[in-house]
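Common to both upcoming complexes is subunit A, partnered first by subunit B, then by subunit C.
Coming up: the complex of A and B.
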């Protein structure tokens, strides 16, 4: 009996230290939505149920191992069947499970009710970035990893204050207090959009649209990552959500609309070579670099080199159309919906003139716009 | 032989029938040809086990590459492209080339001995089943040297990442999996035919050792789901090479269909890798507790219940793929139900220990570690079954921790327990006790250091299958990597123990463990090449 008590105390001690550990950032976040809190509670309930069962089961086991050692002269008993005991230890787990299924079902039902949303945001996964489209608001954007490749490769030290691998150029801005419905799809392979603090993880499946929703309680920055293996740069497509008050959100939407109009006006004017190169380098650095590499060397055979690429150098027309339409059956996506005419013209011009590709020719946004309208 | 009269089966057959009939069999060819042409269940069993051990180390090296890259943040050793090939190949090799063939090897060796049969029912088929495996996995490993590299889409090879976006070598991967699948199906047919037809006179189904029972049920699972795997990879083959669109949404196909088919195979597959482990542990615990297994019948029923339920839970791998609510609920409830028969098994093992007379030889140590650590994997499995919480756990290191707990200190420890348990029968020598103890304790420490911190990394937000990670995961990964190196290195001790045991050691009698019950302990140690040329008479224990 004393052994049993010691074992139970040991189990309690273990459970206590587990709790301390879990309270210190080793656990699932409670999150900032009603549902994330519910999910956290479910997680903790089932966890403590497992701990309790573990303490009992392992308690009996280790008690037996110490108490009934042959080296201490233990003689084996001769029982090997007891229907009543079997029925009891089938029934008790069954009851625990039913008790667990009830709250889990309730939470799941709430998670599946995306009706009456105040705002719809389309989330599109793409190798290896996220696109966000505020449906009906006329605002859309692409969100790329902001951590420099040089840090990932170890060419310069990791900046510990800059949210290594969890920083993007364009966070998803959302209003607090409003019910936001997300619609998920993908342009290529399956990705999974996951932000732990929002307790949302949903696959983006090409050709299909999934639904989920969120109502964020607190303003703040919430970070996540793609959770479904989606190719080479799966580790490098983070998610940042910036939750702001409703007025700030409306102001932000308005400013984005304005910027988009300004950019649209830029389509018609003649762009200087240097302007295009500067903008192109920026676009290349966020969109193209993960496959075609910093120096345009690519990663053949899947990702061909751009530096010194014969076809690219000899045929500007083909080059532009490849960026717009992608390559069917290969990894190159179509950028007609992802990039605007200015960005496409700039990145084509840049790749035609960078890394010794000195063709000297440039592509104007207006030409691209014309092709896009065809 | 100290034993409790009346509590174990009484074995009656003359030693002449057990080993003395070698002259009735033609001498085997010598050299390599002997192994290529052998139809003897013991030799084929050894081939399977050696093959599996080699593959365990190859898959292990891949894991070491993964853990070395994850040792600290940033990319140091390998690029993401190669990292993805390593995680994929580690999974494929460990599942299809290490764990499954190891259990088949144990089945080949032990099932005929445990049921008193002279050999497997279909010896030539047995030879063919084995020799398909080196072909399949040489082909699979060769893809690493092909242009574009080997499979890089995870062992679950989800479409369209593995079809439209897969490397050129994917077709070879499909072919190799087809060959391995045929090998598994043929092996399963052979095991079923053997168990149903060749039991010793007097041995009813409900007298069979649990290792035989669990393998019988596993074989039916294999026959049921391997063709589904074959179907899904054939659809991939068509999508890649013949312009179909089973999984390509642009052509009217459905990427999620792939996952339904894959997991309809994949979930029973995980039980294929654990049911025989239950059988091994159910043999070892009574032997070293010197007390009959508690609840034999309920063990059989629980195994069958787990097998049947395994067909009804596949979509719990797909909770975040966008299933309708009613499907989520159905698969959540069914998954939770699996905890019931699994719990029954654990309770039975522990009740077997209760009021036993327990000693701690190496097989027992591994079996006890199995019970504890497999149960921990079962607990995290129960947590994963809760669908709303799974939205947070899915595809994180929490899942990696879960399935490694059930597969490494689960399936792999059970295999090692089985090897330590039956080595005296195979070689006629006991394994070196001191080395085996070192192997055990280093493995237990290594395995927990490796996989326990992964629970925390996953809960804190680390997705699986990433070659680089945010800084807050650095400490967990450092510990996991150190643990993995320790675990990996300690497996060299296992090889040392096995090699030393084959070459010599303390001699083992026929009844190598004093309380061991089953028929294999009635033949001499080492077991002669041909056993049970005339069937033994089986008498069940008196109550």
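Coming up: the complex of A and C.
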């Protein structure tokens, strides 16, 4: 009997230390949506059920091992079957499982109900960035890692005030209080869009569209990462969601729409060399640099050098079409949907004139637009 | 008939008396057990669906 008490006390101690660990950031977050709260509660209920089962089962086991040890003259019982005991040890797990399944099913059905959304956002995974398309709003963007490569390589110290490897140039902006439906797909391999605070971890699969939805309760910045190993820069495609009040969101969306329209108008005009170079350096720094490197040296053989690349220098047509269409069977993706004509023209011009590539020629956005429409 | 149902129920639950099992294997024919098994699987699916519907109300 005393042993049993000791074991129970031990179990209590275990539960207590678990509680402490959970309260100190070792647990999943409660999150900022109604469903993330429900998922958290389910997780906790099931967790404590598992702890109770563990304590009871191992308690009985250790108690029996100790109390009925051979040195005290215990004799093993020798019987083959006992239907009553078997019925009991089958019925108890059955009841526990059904008891857990009932609330879990209720939550699961809510999670799958993406109907009647106020806003649709397409989330497209790409090696190694995310693209967000506000469907029907005329606003789309590419979200790249904002941590400088020099910090990643260790050439300069990590900026402690920033969110190392968890910061992007373009966060996904969402309104609070509205039902937002996400449509997930991928351009190349399987990625997974994972934001713990929103209780979403959804695979993006090329050729398939997955659905999920959120209604965020609180404005704030919520960070996540790609959760499906997708290649060499898997760790460098973080997710940042910025949830804002509805009016702020509408204003943001309108300004983005305006900027996109302005950019579209800029396609037809003649661009100066210096403008293209400036814009191209920006685009290169967010999109190309992870493979082709800061100084255009690449990382052969998978990622060829651009600086001093003979084919690139001699053939501007080939250069432009490679950026637009990618290289089939190689790591180079097609940028026809990721970058707009201005960005493609700028980055081609930049790579033809940077790091000693002094071709002096430029590619105009209008030429790229023409190719894209072919 | 009732004996077959009881034995199939016991199989679904996963616990059967040794004596009953022996008797089924020595005296029963397989077809009634197969039919009862398929029907009961359908009933089980219906029950799970019912629980799912009730749970989400």
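FYI, the second predicted complex is superposed on the first by the 354 of 374 C-alpha atoms of A that agree within 3 Å, B and C clash if a C-alpha of one lies under 4 Å from a C-alpha of the other, contacts with A are read in each partner's own complex, and residues count from 1 in each chain.
The rule is simple: contacts are C-beta pairs under 8 Å (C-beta built on N, C-alpha and C of every residue); 3 or more make two chains touch, one makes a residue touch a chain.
What you see is a predicted model, and the numbers here were worked out from it, not measured in a lab.
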(message) Tell me the contact category for A:102 with respect to subunit B and subunit C: first, second, both or neither.
(response) second
(request) Figure out whether A:58 sits in contact with subunit B (first) or subunit C (second), or with both, or with neither. (result) first
(request) Check the contacts made with subunit A and report whether subunit B or subunit C touches more of its residues. (result) B
(request) Tell me which partner A:81 touches in the superposition: subunit B (first), subunit C (second), both or neither. (result) both
(message) Contact-wise, after the overlay, does A:39 reach subunit B, subunit C, both or neither (first, second, both, neither)?
(response) first
(request) Name the contact category of A:9: first (subunit B only), second (subunit C only), both, or neither. (result) neither
(message) Just checking: does A:90 make contact with subunit B only, subunit C only, both, or neither of them? Give me first, second, both or neither.
(response) both
(request) Take the contacts of subunit A with subunit B and those with subunit C, and give the residues found in both. (result) 80-81, 86, 90, 101, 105, 109
(request) Provide the residue numbers of subunit B that touch subunit A in the complex, in ascending order. (result) 4, 7, 73-76, 80-81, 84, 147-148, 152-154, 158, 160-161, 164-165, 167-168, 249-250, 253-256, 289-298, 320-322, 325, 328-329, 332-333, 336-337, 339-340, 343-344, 346-347, 350-359, 368, 371-372, 375-376, 379-380, 382-383, 386-389, 391-392, 394-396, 456, 459-461, 463-472
(message) Under the stated contact criterion, what part of subunit A meets subunit B in this complex?
(response) 21, 25-29, 35, 38-39, 42-43, 46-47, 50, 53-54, 57-58, 60-61, 64-65, 68-71, 74-82, 85-86, 89-90, 93-94, 97, 100-101, 104-105, 107-109, 111-112, 127, 151-154, 158, 160, 163-166, 184, 188-190, 192, 194, 196, 199-203, 205-208, 210-211, 224-236, 299, 301-302, 329, 331
(request) Would you tell me which residues of subunit A are touching subunit C in their complex? (result) 80-81, 83, 86-87, 90, 98, 101-103, 105-106, 109-110
(request) Flag every residue of subunit C that touches subunit A in the complex, lowest number first. (result) 13-18, 51-52, 54-56
